[in-house]
Amino acid sequence: MLQAHQQVQATDIQRRQSGTVAARLLRASRNSSSNSRLLRQIALVSLLLAAIFPLFGGSFFTRLAIEALLFGCIALSVDILLGYAGLLSLGQAAYFGLAAYVAALMYLHVTQSFWLVLLTASASVGVFSFLLGAVAIRAKGVYFALITFSVAEILSKITHNTRAIGGSDGLIGIPVPSIPLLPGLEIEFANNYVFYYLVLGTVCLLYLGTRRMLNTAFGSVLRAIRDNSDRVPYLGYNPFWYKLLAYVMAAQIAAFGGLIYPLLRGFVAPHLFGFEVSTKAVVMSLVGGVGTLIGPLMGSVIITFLESVVGSYTERHLILLGIIFIVFVVFLPDGLCGLAQRTFGAGRKVKP
Amino acid sequence: MSKIATIAKLGVAGAFMLALAPAQAADPIKVGVVTPLSGTYAPIGKQVRWGAELAVKEINAAGGVNGRPFELLFEDEEANPPVAVRKAEKLLQQDKVDLLTGTVNSGSTLAVGQVAERNDRILVTTVSYAPSITGAQCSANVFRVNANAYMQSNALTSWLIKNAPGKRYFFIGPDYEMGRSTVSAFQNDVKRLGGTDAGATFPPLGAKDFTPYIGQIRAARPDVIMTATAGNDTVRLLTQLKEYGILNDKLTLAGAAGAVTQENLGAMGGAGEGFLSAAGYSTDIDTPANKKFVPTFKKEFQHDPDLFAADTYGLFYLFKQAIEKAGSTDTAKVRAAMEDAAWETPQGTKKIRKGDHQAVVDMVIVKVRGNDFQTVGKVPGEEAVGPDDCQKF
Amino acid sequence: MEDLLAYLHFVVLPQFIDALIIGVALALVALGLTMIFGLLDVINLAHGELYMLGGYAAFTLLGWGAGYWSALVLVPVLVGLVGWTLEELGIRPLLPRADRAIVTLLLTFGVSLIFRDVAQVIWGTETRSVAAPLTGITNFAEVFVPTYRIFVFSAGLLAIAVTWWLVYRTQIGAVLRATAVDPSMVASFGIPIRLVYGFTFLYGCGLAGLAGVLLSPIYAVFPTMGHDFLVMAFAVVIVGGMGSIIGAVVAAILLAQVQGLASLWIPPVWAETLVYGVMLLVLVIRPAGLFNRLGEA
């Protein structure tokens, strides 16, 4: 009991030190975090750049950008949890992979209807994330991370070991569908540009929707939970349900990326559940800026393109990724958006 | 004004044509090699790379393909299908390669094969030996120039049944697609030829300790142990079999061609001595082409070539022949030129079977002696090659 | 009845003994991990790579003509020094942060990627081996165990005993245990916490290096070998209790037995997944693990 009290005191003290990420985030959130004017400008600029990109990108880079956006969904889901609920999830790839496999299996064996597949994948992920979240959220800090990590690993292993769903080779032959939007109006995914704008549009909506949701009372409670979850019940809120809702929401976003992936690449493999995918999503979030929502999307684009370009010149991409990790973790913990905020942003220090 | 303008226009046109003409002749044929250059399969990717580089060096020095040189573009696929697909697309759409090769593990080959299909290009694998690649999952755009698991199994088991003492066979395969299908090929052939299936076990891929299976092996009292492990797994398996005293003069060790290669033999400390496999290649194959190939390779890279290097090397001569016959790099024409093609390689003459794009390769039975592989038997390609299972084209 | 006895004797008993040996080696790796977490709150994802470095160091030393026995003594020291450097350069600057568990986890992950690639650059992609100093088999009640493995078992036990003695019976150990409970209190006694942390990393990584040397003749040496033990070691640390020395040893032996014996009855790939399942179960039901953290009652 004494220890718990001491811990609360200790964290309070540490919070006042200006060196911590949490403190910086707190200050930023006082300036209404993801909604701050600078971040909105960054988001707008990114959107404009993204909108004109295919015009000079060519088909490969456009498709790479689609992939970056899909993996960006995982990064976004990591950010919702890390930046807003204070939960580090090392297993968001589980939902990406789950949605991808459900979609793949549905396309191969059940139906060609995009909407049915979307529904099934979302529903499966919803149920799974609700159950897992209910169990995992009760665990503190690092244990939550470990639980999410082990679940993703278990799913990866199960997929790898089960030959009926493709085993280690995965499943190929997933067709490129066309989506009936309205009677008579069909969207052809085979056209890269159509595909790109559709995904960009949806990710935009997801981003805006998330931003909106996190700027309501719901978001404030989440942030309060992140900062000091012991005190929140005294305010009349049960942290558990808020965290769970955030968790399920985040899972749905990662799932969106997952269910589109087979349509882009035509196959799924157990690697989609992998630790590398989950951790890369965390790196993307870190690089862009945790808690900014636009940061992880930017981070995903940067990292995906960087890996692709660097890969052509050297096989030492692991060293590069490792160095990026380390540089951002040690020197730039609030990511590129944080850097922008410090350079162009408010600048005034708000006393806690 | 108009006279000067006309002369100027003619001059420009002339210069243009002069510039274009040699440019056309020197316009390189781009071949994308997407192969694992890092990670567990890096040793294989390295040999694939060397084989490609040597072939291209030789062909370009001799004038190229109808005057056009080959240009190699390498990408690291990390033996990870999502990455392989991304890199393959880059090579196809960004770098505009004319041909694709290099994939090692079957998952990557299948996924990249699909990408090749969607981009109307040809992928040739020189390493993957999963039967499904030219069987149930075959594609008009995918070719294979190396011996697949059926061929290896056919050749090896028929030789073993005739030459190895004893009839009890025990099988070990890593528990994933490749391992399971190789072992089942072994099992079927052994039973078909009259041997006894004394049991099989499937350790996880990457298992570090095989001692749980030692008891099972001992209980089975096998005369022959056949393994489908590769790379580090084989090193560990054989080292530990030796540790536990399972290896002795009366036991015959055999397995898939990729189980013991130049890249992992050194680490076995003699445990691999006498290991038998059926491969499409061995350094002591007695053809003039091979007698030239091996020392040139060794001089260039300070390593002996293994089957992955040799098959990749041979591929480029097939490309040369096919492109010259087709007169262009147009996919449909090259495909037609490649189907039913027969060409010279260090291993002798290979033929591509039209029905499934599988090369028919003369198999050699090789035995490990010290640090080398020695040929102890031969099985002609026509005998070793399995049935044509491809229904899709 | 006879069949059952024979089964127990010739199938289960050898498996039990082998798993015991693996368990001890696993304990060496897990001990370092748990000590580092117990004292510094740091999850060292690069621990597997330190085990790998141990193997490569042994390979290189033997290549330079050193005997196996000198390597056995030198390698843990060398790897320990690498660990210490990692701590001084990478971990120390991050310790004051409130979110240190997350941040150091990410940092060590980055370091592990770098180490893996660097190993490939320095030592190439082929598998390497280290010759075992002892060959031959010992017959132990009709169960055959390679003599070298018995040595590995004994050496591992010895290292565990030394660790236990160090932590529970010496002055240094007292300082370590006190630091796990209350670092500022210890600092106020004039003990340099900096050195305490450095020593923890040195010792923990040294143990991983020792495991690397001991196991290299059996498991071979290659750049991705760090993965062999890392996930299992984490499972051990979690099940045993993060920061508990006794927990690491008990859980290591336990989990190795679970995987080994399960391999007899279910496909071995699923036995692996089973261990993950056990880890998950412990995380959900009793996240603190079986034993309490170092220093706690």
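Order of writing sets the chain letters: A, B and C. Residues in each chain are counted from 1.
The criterion applied here is as follows: contacts are C-beta pairs under 8 Å (C-beta built on N, C-alpha and C of every residue); 3 or more make two chains touch, one makes a residue touch a chain.
Please read all numbers here as calculations on a predicted model, not as lab measurements.
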{"item": "Contact graph of the chains (line, ring, star, complete, other)", "value": "complete"}
{"item": "Between the pairs A-C and A-B, the one where more C-beta pairs touch", "value": "A-C"}
{"item": "Distance between chain centroids, defined by C-alpha means - subunit A, subunit B (Å)", "value": "39"}
{"item": "For subunit A paired with subunit C, centre-to-centre distance based on mean C-alpha positions, whole Å", "value": "33"}
{"item": "Per-residue multi-chain contacts in subunit B, two or more chains", "value": "38, 175"}
{"item": "Residue list for subunit A, restricted to those that touch at least two other chains", "value": "160-161, 316, 318"}
{"item": "Sites on subunit C at which at least two other chains make contact", "value": "117, 267, 269, 272"}
{"item": "Of all residues in subunit B, those that touch subunit C in their complex", "value": "38-40, 42-43, 46, 175, 201-204, 206-209, 211-212, 214-215, 219, 231-232, 235-236, 239-240, 243-245, 263-264, 266-269"}
{"item": "Contacting residues of subunit C [partner subunit B, same complex]", "value": "10-11, 14-15, 18, 22, 117, 120, 125-129, 131-132, 137, 144, 146, 148-149, 217-225, 227-228, 260, 263-264, 267-269, 272"}
{"item": "Complex interface listing, subunit A residues touching subunit C", "value": "11, 14-15, 17, 19-23, 88, 135-136, 139-143, 145-147, 150-151, 153-154, 157-158, 160-161, 279, 282-283, 286, 316, 318-319, 321-326, 329-330, 333"}
{"item": "Footprint of subunit A on subunit C - complex, ascending", "value": "43, 90, 93-94, 96-99, 101-103, 105-107, 109-114, 116-118, 121, 231, 234, 238, 267, 269-270, 272-273, 276-277, 279-280, 283-284, 287"}
{"item": "Residue numbers on subunit A that touch subunit B, as the complex places them", "value": "58-61, 63-64, 67, 160-161, 163, 167-170, 172-173, 265-267, 269, 271-272, 308, 311-312, 315-318"}
